[in-house]
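As written, the chain order gives the labels A, B, C and D, with residue 1 at the start of each chain.
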Amino acid sequence: MTGTLPGVAPMAVPPAAYLVVGTLLFAIGLAGALLKRNALSIFLSIELMMNAVNLLFLTYARMRGDMAGQMIVFFVIAIAAAEASVGLAIFVALFRARRTVDVDKIALLKW
Amino acid sequence: MNRLWLIPLLPLAGFVLNGLVALLAASARAEAELGKDQPKARLPYAQRLFHGVVGVGSVGLAAVLAFAALVPWTLESLGHAEGIGPVVQHVYTWMAAGDYTIDVAFRLDALSAVMLSFVTFVGTLIHVYSVGYMQEEEGYGRYFAFLNLFMFAMLMLVLADNLPLLFVGWEGVGLCSYLLIGYYYDKDFAVAAGKKAFIANRVGDVGMVLGIFGIFALFGTADFSFVDLAKRAALAPGAHVSVYAVCLLLFLGAIGKSAQVPLYVWLPDAMAGPTPVSALIHAATMVTAGVYLVARCSAVFVLAPDALTLVAWIGAGTAIFAASIGLAQNDIKKVLAYSTVSQLGYMFLACGVGAFSAGIFHVFTHAFFKACLFLGSGSVIMSMHHEQDMRKMGGLAARIPQTFITMLAATLAIAGVFPLAGFFSKDLILGSVAASGHWFLYAVGLFTAGLTAFYMFRLVSMTFFSAPRGDPHALEHAHESPPTMTIPLWVLAFFSVVAGFLGVPAALGGSDRIGRFLEASVAHPEIGEMSHGLEIGLMLLSLGVAVTGLVWAWRWYGRAAGAPEAVSPQAATFYERSGLLGRLVANKWNVDEGIERLILSPFRRIGTFLWRGFDALVIDGIANASAFLVELAGDLMRFFATGRVRNYALAFSLGVFVFVLYVWVR
Amino acid sequence: MPALSGDLVVFTIASLLAIGFALAMVVQKAPVRSVLSLVVTFFGLAIFSIQLAAPFVAVLQVFVYAGAILVLFLFVIMLLNLGQEAAEEDRRPLQKWLGLVAALALGGVLSGAALRAPTPKGMRPPAVVPLADEIPTIGRLLFSDYLLAFEALSFLLLVAAVGALLLSKRRFE
Amino acid sequence: MSPTLSAALEGAGKIAFVWGVVLAAMLPNLIWMERRVAGLIQDRPGPNRVGPFGLLQAFADVLKMFMKEDVVPLYADRVLHTLAPFILLVPSLTTFAVIPFGSKVPLFGREIPLVIADVNIGILYVFALASVGVYGLVLAGWASNNKFALMGGIRSSAQVISYELSMGLAAIATLMAAGSLRLVRVVEYQAGGTFLGFLPRWNCLTQPLGCVIFIVAAFAETNRVPFDLPEAEAELVAGYHTEYSGFRFGAFFMAEYLNLVASSMMMATLYFGGWSLPFLPSSGLLGGLLSIAVFFAKTMFFVFLFMWVRWTLPRFRFDQLMDLGWKALLPLSLLNLLWTGALILLKVI
């Protein structure tokens, strides 16, 4: 069973609108991730992107009328929590080591 | 007695024990003697005792078990008209492919009974002999470990119930042969001889393996039930290989293992190993494995008469060829080696004409007198302080009487003097060859018999009779061997005298017991009949030939008093006259040189070309080129590796953009 | 909660809020302000989820994201005291402009693709399960169809906790 | 009267009632009460000049507060500094929405359930708001641009995150028992049966461990003694609201008491049977009114408990706080989960 979505009145808002908003938020998040230099801000942007995707999932779940989308969102949120804890721990350690979280100043991966 | 698997297991256990103790002791010893280099000395008594007890004990116990298993079976089988079915014991499943499984299963039938009997018996005796013979050696433990391992492998070979398992034993004995030939690993010739044996056997084993596959393709099974299938000529549906090819491949394996032309070259060199090893492995047991294989698959061979004929021809050729070389050898062990090759030729000759039981019978008797001869030669060599050149011996009869008598008995046996063992087995062979109508092959066999008698008695004469040569000092100290060595000699001599009575032919009022006994498990195609009169006539003829050989040898070498260079003037003059033939005989027909020139050196040249030309230039070139390309690519790529995450992310997202665009537009 | 009347109005406001504060999040120099803007955006998203008949997800979002994750961000920002970090000019114009272009292009393409995408089986008729049973349904799904994923997730969380502990643990002492 | 309109009216009425009671009736008296309790415990009269028994003291204080100048430090982040108190205030005001403050009363010919919004995610809603509330403190601390304030902010964020876990886990056990997230259902469940045959089936009896954990965590969540580290006078002057004065400070003050009341209500609801009391009619007009009384009585008791603790216990050290939260309460709450699950499986509750 994928579970049927709790019954609600037909959507007053066209789902396309949600999709557009979701993608826009995603784009904004991407811009943030690409433009920011503060690791934390980048991380924030990524969180935003994830949520944008969540919105899309919810929309599709609503459109399909089953629960699968919601379940995925549930998992995404949980994974985001794990990711946040580890990521932030990394930043803390990083900051201790180099007194900065500017990703451009942390460029050890180069030749 | 349903414990067949114990029989090979015991020697294996012996191998493990001996091996471990030998290793530990050796390392401990090296520890102790670090720095000071004292000559290799005999091991401490306790350790030798241990190795002796474990080595002999394990094999002896195995022998006891073996006889406990085969005697009742044999008696019962003899009781019935045409024998009783084999005893097959499955131990566990070794491999399973689909619904076809290969078990570790042991089989006791007439054939394996005969093999088992003399393998364990002679094996035990030779172990006992080794206790005395090897006592001075530092590698005492190693020696016994390998000897036990050999017994294990040989018993697997003999008892196996399917070809794959037989092949395990087959390779095992090959390995042990290699290890023991190279026992004196600090001597180059020994190492070289070991390699030679190993490689020559590999050539044969290729055929062996393919043969096994062929058998499987033919009958859809590789355990010995295929024998019955073959007897009923019931080939598996869609058998893609021809019986002929399969037989030849199997026979190739046999050639390699049993040192037939052209792969016999390794056996004479194998004499580099200790003499008991030569006796056990290169005379009595291992080298007869080929005959065993052919006899085992006799039913299949019968389906391909042409292949059988080839076997006969190769056997006969080998017999006379090796015998001719044996005539002019001066190394006592070399003579015996070539004699072994020649006798093996006899056996294949027998198989070739379809008298498989005769072949096995000869295997049986040969095991006794040839082992006796080798052990005797060992005793001689020891008494002469490791002198192997017969030209430096002579007149030892009085010095080492026991060795002399036993060896004389064995010599008469191999020469085929009535009523010793050799007489019956060899005449069974010659008789069946004659009966099969291959009169030329019969002539060859007969002539070979003469040669055999000649070179064997030549050996005896040069060793025991004739005037003492070599330094008298050594002769002074020539002494009889310890009882651990002489007792086995006596036992073997006894059996080389009486073993033949198992197969007294009907013509002499006997009832060819062993022949009928073996009929249960080997094929016995119709090979023509002979009147008893003709048969007896032929016997007298061969007996006459043998006696002629003996007398001739006596005339040339019996009272020879020449210097070591030319022991016998008559022989010298004969070789002078005979010209090319003589020289060829004296130089072993230049086979080794021929192989060197025709096969080895071309191979070496090709190899050198491939190495210098192909590998160094082409292969390495390719490798280096690719490496260079990769490096180049890396040099280009690294400008993109800015180390800044954002750049990577940017590139990544651009890529995603393109991808999505593609998906969307498409 | 059942869809409110005047859905459209709510949606418009929410989306304006969400997008506006998302932009603010990007533009802000001070991380703390970015975090706060993001909080507002998340509330907007929570409203969307309610409209999309997923109140549980909505609350979860507020609870986990706004309530825990972002607070954690704040905590770290304050711990490292990043508030006053001098926001010097970005010395990589190429990265900057290309980044913008990439973001816009991707956003455009994605939304275009999303709009073009065929509606899966169209809109279902109002479904059968009463809204009150949403949470039990989710629970049942978690422990039936998604059990494996669920367990894996729990393990992941454990590992993450341990990993975070190790990472932020000072050596020595 | 159209159903929507009546529904709206009904909702408005409940909101008015709850806020009226909480803000107008309780809040001022709480301020007075706290100081009287302090006096009681410290064996001194406490405020007794303004009005009878000093009952009007609170109004005097509030008046004073509103009179004071509202200072904003020069280098503070003006916007957030202004926003912070209200960010703190709003959630604590909206928490009451889902807490059932009574059973049902028949009024104007209709059964009115005495809860503002009986949403099916009730308790999650409460937790969500509680977790959002912390922003107020954190921002206050950060925006003030004052090291003490910052410390206070950091502490409160860490503290809230840490204790939310055990609090939530403890509460989940009650949900398991009730089989629903709706607080109304939770209360009905507790009112609906007996434990071991003779005890009321209150969660504080069926899962005492969870009850204790929840109460302790609630103390931490509301930054009350012994966990009032964000505003530990001794170390941080006044913690996050060091830089606040006038009515903004008042807002913080108010929010603290609101949270106090809210969490007291939660305790009563989750563990002490909400509005229910054995042998008391809970149906009909009388029953409804009685239930309301019972509910607020319980709430007041917990409020008193808060004050009692505050004036008797010393303050924890921060590392002790963390240890307690992570090493003691969290495992214990898991244990409690097991315990409750066992009870449910064994059909004991």
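Simple rule for what comes next: a residue touches a chain if its C-beta (ideal position, glycine included) is under 8 Å from a C-beta of that chain, and two chains touch if they have at least 3 such contacts.
Because the structure is predicted, anything quoted here is derived from the model rather than measured.
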item: Nearest-to-centre chain - CA centroid comparison; value: A
item: CA centroid of chain B to CA centroid of chain D, Å; value: 97
item: Intercentroid distance (Cα basis), chain C paired with chain B, Å; value: 81
item: Whole-Å gap between the CA centroids of chain A and chain C; value: 5
item: Euclidean distance of C-alpha centroids - chain A vs chain D, Å; value: 32
item: Of all residues in chain C, the ones touching two or more other chains; value: 56, 60, 68, 72, 79, 92, 95, 98-99, 102-103, 106, 110, 131-132, 134
item: Per-residue multi-chain contacts in chain B, two or more chains; value: 644, 646, 650, 653
item: In chain A, residues with contacts to at least two other chains; value: 30, 34, 37, 104
item: Every chain pair meeting the contact rule; value: A-B, A-C, B-C, C-D
item: Of all residues in chain B, those that touch chain C in their complex; value: 644, 646-647, 650, 653-654, 656-657, 660-661, 663-664
item: Footprint of chain C on chain A - complex, ascending; value: 1-13, 15-32, 34-38, 40-41, 43-45, 47-48, 51, 54-56, 58-67, 70-71, 73-75, 77-86, 88-93, 95-96, 101, 104
item: Residue numbers on chain D that touch chain C, as the complex places them; value: 77, 80, 119-121, 124-125, 127-128, 130-132, 134-135, 138-139, 141-142, 150, 153-154, 157-158, 160-161, 164, 181
item: Complex contact set, residues of chain C against chain D; value: 1, 30, 32-33, 36, 39, 55-56, 59-60, 62-63, 66-68, 71-72, 74-75, 78-79, 81, 83, 131-132, 134-135
item: For the chain B and chain A complex, residues of the former touching the latter; value: 638, 641-646, 649-650, 653
